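Note that chain A is present in both complexes that follow, paired respectively with chain B and with chain C.
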Partner chain A sequence: MDSMNILSIFIQTLVGGIGIGSLYALVALGYSMIYRSMGLVNFAHGSIYMIGTYFGIIWYRGMVMGLQVPYPIAFVIGVLLNAILGLILERIFRPLANLDLMLMLLGTIGLGYVLDNLAVIIWGAEGFAVNSPLPNEPIVIGGVALLPQMLLLITGSALLMVGLNVFLAKAKIGKAMRAAAQDRETASAMGIPVNTTNALVFAIGAGLAAAAGILAAPIVYVNPAMSAAVGLKGFAAFILGGAGSIPGAIVGGLVFGILEAISAGFISSAYTKGIAFVVMILVLMVKPAGIVGEVTVDKV
Partner chain B sequence: MIVVENLNTYYGHIHAVKGISFEVRQGEITALIGANGAGKSTTLKTICGLLHPREGSIALGGAPIHKLSADKVVGLGVGYVPEGRRVFPVLTVDENLDMGAYHRSDQAQVTKDKARMYETFPALKGREKQLAGSLSGGEQQMLAIARALMAKPKVLLMDEPSLGLAPLLVKRVFEIIAELNKQGMTILLSEQNARGALKIAHHGIVMETGKIRFADSAAALRANSVVQHAYLGAG
Partner chain C sequence: MKNTFKVILLGVGALVLLVFPLVAPNRYTVHIVNMAGIWILMSLGLNLAMGYCGQINLALGAFWGVGAYTAALLNTRFGSPIWINMPLGMILAGITGALIALPMLKVRSHYLALVTIGLAETINIIMVNEIWLTEGPLGISAIEMPELFGIPIDGAERFFYLVLICVVIGYLVARQIVNHRIGRAFIAIRDDETAARAMGVNVARYQVLANALAGVYCGVAGVLYAHMSTYISPDIFEFKNALFVLTMTMVGGMGSLAGSLVGGLALPLTQEWLRAIKSWQLVGFGLAIMIVVLFMPGGVVGLTQKIEQAGGIRLPWARKQTEGKPVAEEKLEMEGPNVA
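And now, the complex of A and B:
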């Protein structure tokens, strides 16, 4: 194996890590936004991601009344349906926000189980592989072979993250969402309908999770158990980057994905999870607030 | 402008406001004075809709507002400057002002009003893009007042605006309040600094443990020996 070859394998592994990392980042963003706005750690978010994936892919695979829907349209339908699910879940979770941590934990975990079991009842526990709408032949650039679907996952995720940041920075309701996350009571006294902004946070979190799942579906295997696997890693990315931080969720997701890919590619795939979590624990021992030290928000 | 009748508000299990009635007259400064825990903040929070009374009523220009949520009350013309300033720390100065104008849809006029705020409060000028959390206490107080004014209120509720500020800034804040009133703003001012508040107010209400002890013209309260002794630090 010459050095050129090792380099191209490394780059290939890195791109794969960025792809899977983008998936974790989009899931971590949902945890982060909900935590910021409602003080709620939503352990059902992995299940919301899984349901969102099905909400899009069932149309693409013709599982709804035999209708075969093109991938981009299935993507939009899945994201919208999951955003609506997010709105409904916010109504259910509203009484839990700012309650005792144990109640929150039980409530969200319980709801996650309900969603997981509903998925098994409706779509079966078996799961399936999904064909990419793009060609399956890798694109070779300078000796580096990249799957078109992986490039779609990376660019799609990047666009969504940029879009989210622009929305939060520029849109009136986006600014209001940030204000409400910083000081709920004062926001409400300024005329911001805080229940509406919280519902929107939930809808966006669920929509991003669906987008991630539908973009990654042709690369990963789709089954109800994916809620636990990706839910846990998205949660780890949320903690690793800095709980409640938006850039933190993105950085945390990418770091986690890259670590996983490199340890699988160069050490052993048997240790993938272990190595990534060990690094997470090490980072938190050094920097308990996570990689991105978020500006402290005083919750008065 | 605001008529409060037999107001009873609980803060958790604590009966913080016990059947108070008073009026805030148009064009006047009404000062709500009393010690920490007397129920001043609870009264203000109940008027602006952050708390809801268990009994009693609040009317704004004749219409009842005590069942409305805070985000509706501000749209009817009640501006609020919270105790401890409570600017949004990780929003810029400019974004904080935008949030004050949240209920308004006249975007062009909002932009003009923001420009006017920077003229009225020179401490904020040139800091439009700075995070509000990085401002000094005095600057944050100016921002909190400017943010409340951005809502174009008919009446301004101010909760302890002088609290925690250096003496020179305390004087400046009272000057600003008097100036706003001269321009026609109706103000309900809650203050532990009774001396400063009664100097600029038309009317004063002295609260003790959730009840009204005295209510009179500011001049009469300044002359009242009990008030002098307990609140104005006279020997």
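And now, the complex of A and C:
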């Protein structure tokens, strides 16, 4: 194997890692936004991602009354439906946010259990592969073969992340959300409806998860069990980047995805998951607050 | 008066347990109860680490697996009997627990939850991939049923007594620990780590000890499981079973050993009872967890304590308040979200 070839394989692996990494990043953004605004670590977010994927893909595959809709429309429907689900779930989660971590952990895990098993009852446990709306032939640029769907996933995710940042920075309601996340009492004293902004945060988190799931569905296999797999990695990305940090979630997701792809391609495919976790543990031991997170001092 | 009642209650309880395998409707029922005993042992371990010492630990499945694989490998490769496998399984699982505790000294709260999940996943991946050692995903079969003092323990009925002995010893040891200086140090660390440190408690040492103890309890459970089911495979020791133990401990009462007994018995039996409706059963399970969390955060034991306090009565089986309040009743100060 000549060096040119190794380089192109490396680039190909890297792009694959960025693709899966953007999926993790979008899921991690949901964890991060909810944690930032409500102080809630939502272990059911993986299930919300899984349900969101189904919400879009069932339309695309004609599983609802045999009605087959084009991919972009299915995408929009899925994102909207999941955002509505997010609004409803926020009501259920609200009392959990004031509980101690262990109870919060268990309460959200309980809800995840409910969502996962409802999905099994409604759509079956087997799952299915989804055909890409784009051609399946890889595009070859300078010896590097790239799947069109992978490029769609990467550009789509990038647009969503930029859009989210602009929304939070510029839009009035986005600013209100940031204010509510920083200081709940002051924000509500200033007339910001904190519960409404929290509900909106939940809806956006769920919408982003659905978007990620629907974009990635033609690359990964869709089944209810993916809630645990991707949920765990999104959570890892959220912690790795720094809990509650928006850029942290994006960096964490990409780092985790690239790490996975490189360890699968160049070290050992059997130990992919293990290597990614070990690196993550090492990062946390060196920088306990994550890559981008701030160090908090223990209160006495 | 009170004591007589307690003695009678204890006597009746002991009698019921002793004759249970003889009067049980079938062997399968006994098997389910044996399994509940194994869950109880793990729940006791989790309670020591998490309920008393406040260490979030989601790696129980891995400790359990280390115990089970130790017994299975020693037995199938060298034919070693359970009384040799048991101490070795306990030691190895205990060491695993202590090793998992090391990152805990540095990392806290939800970060910690993730680190323990990550380590447990890694151990599970080793079980799947190191085929030369663990036989990989196919698992290890034909583990011998044990024999003690020349008596073959070869059916669920006889195994019941072995599990019963382990659970009773495990419970009594745990009770000694929590009433001992070690237990008081655990509770001090759980309630306020900084204050505990200021009072001269060696926090790091006790945190490692608490997790090593959780490892030892799961090790016992693992050795028993391997010899009972005669077949093990990596998927048994996955994360979902660590969650199951967490759930039963929370439902029973985190921070109360009696809670481990209640939850460890109630949840596996309920699960078995609802087996016919499969997925709906799991939905109900999730809802049950949420109801416990939202409305009775101290679990069943916390609820009985509340009833006592509200009515000013003491339920007949109540013990003196030496075990400390269930964690849930303490409002732990959470660090505020980091905003970047």
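Keep in mind that, in the parts below, the second predicted complex is superposed on the first by the 292 of 300 C-alpha atoms of A that agree within 3 Å, B and C clash if a C-alpha of one lies under 4 Å from a C-alpha of the other, contacts with A are read in each partner's own complex, and residues count from 1 in each chain.
Going forward, contacts are C-beta pairs under 8 Å (C-beta built on N, C-alpha and C of every residue); 3 or more make two chains touch, one makes a residue touch a chain.
As the structure is a computational prediction, the values presented were derived from the model and not from experiment.
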Item to check | Touched partner set for A:I219, first chain B, second chain C, both or neither | outcome: neither
Next on the checklist: Quick one: is A:Q182 in contact with chain B, with chain C, with both, or with neither? Answer first, second, both or neither.
Outcome noted: both
Checklist entry - Which partner does A:I246 reach: the first (chain B), the second (chain C), both, or neither? => result second
Checklist entry - With the two structures laid over each other on chain A, which partner does A:F235 touch: chain B (first), chain C (second), both, or neither? => result second
Checklist entry - In the superposed arrangement, does A:L160 touch chain B (first), chain C (second), both or neither? => result neither
Next on the checklist: Touch test for A:G274: chain B only (first), chain C only (second), both, or neither?
Outcome noted: second
Item to check | Dominant toucher of chain A (residue count), chain B or chain C | outcome: C
Next on the checklist: Which partner chains sit in contact with A:P193 here, chain B, chain C, both or neither? Use first/second/both/neither.
Outcome noted: first
Checklist entry - Is A:L147 contacted by the first partner chain B, the second partner chain C, both or neither? => result neither
Checklist entry - Common interface residues of chain A with chain B and chain C? => result 182, 298, 300
Next on the checklist: Could you list, by residue number, the parts of chain A that touch chain B in their complex?
Outcome noted: 172, 175-176, 178-179, 182-183, 185-194, 295, 297-298, 300
Item to check | chain C - residues contacting chain A, complex | outcome: 50, 56, 103, 106-111, 113-115, 117-119, 121-122, 125-126, 128-129, 193-194, 239-240, 243, 246-247, 250, 254, 279-280, 282-283, 285-290, 292-294, 297, 327-328, 330-340
Checklist entry - Tell me, which parts of chain B touch chain A in their complex? => result 48-50, 69-71, 74-75, 80, 82, 84, 86, 88-91, 95, 98-100, 102-103, 131, 133, 147, 151
Checklist entry - Considering the complex alone, what residue numbers of chain A touch chain C? => result 35-37, 39, 41, 92, 95-96, 99-103, 105-107, 109-118, 120-121, 181-182, 228, 232, 235-236, 239, 242-248, 270-271, 273-274, 277-278, 280-281, 284-285, 288-290, 292-294, 296, 298-300
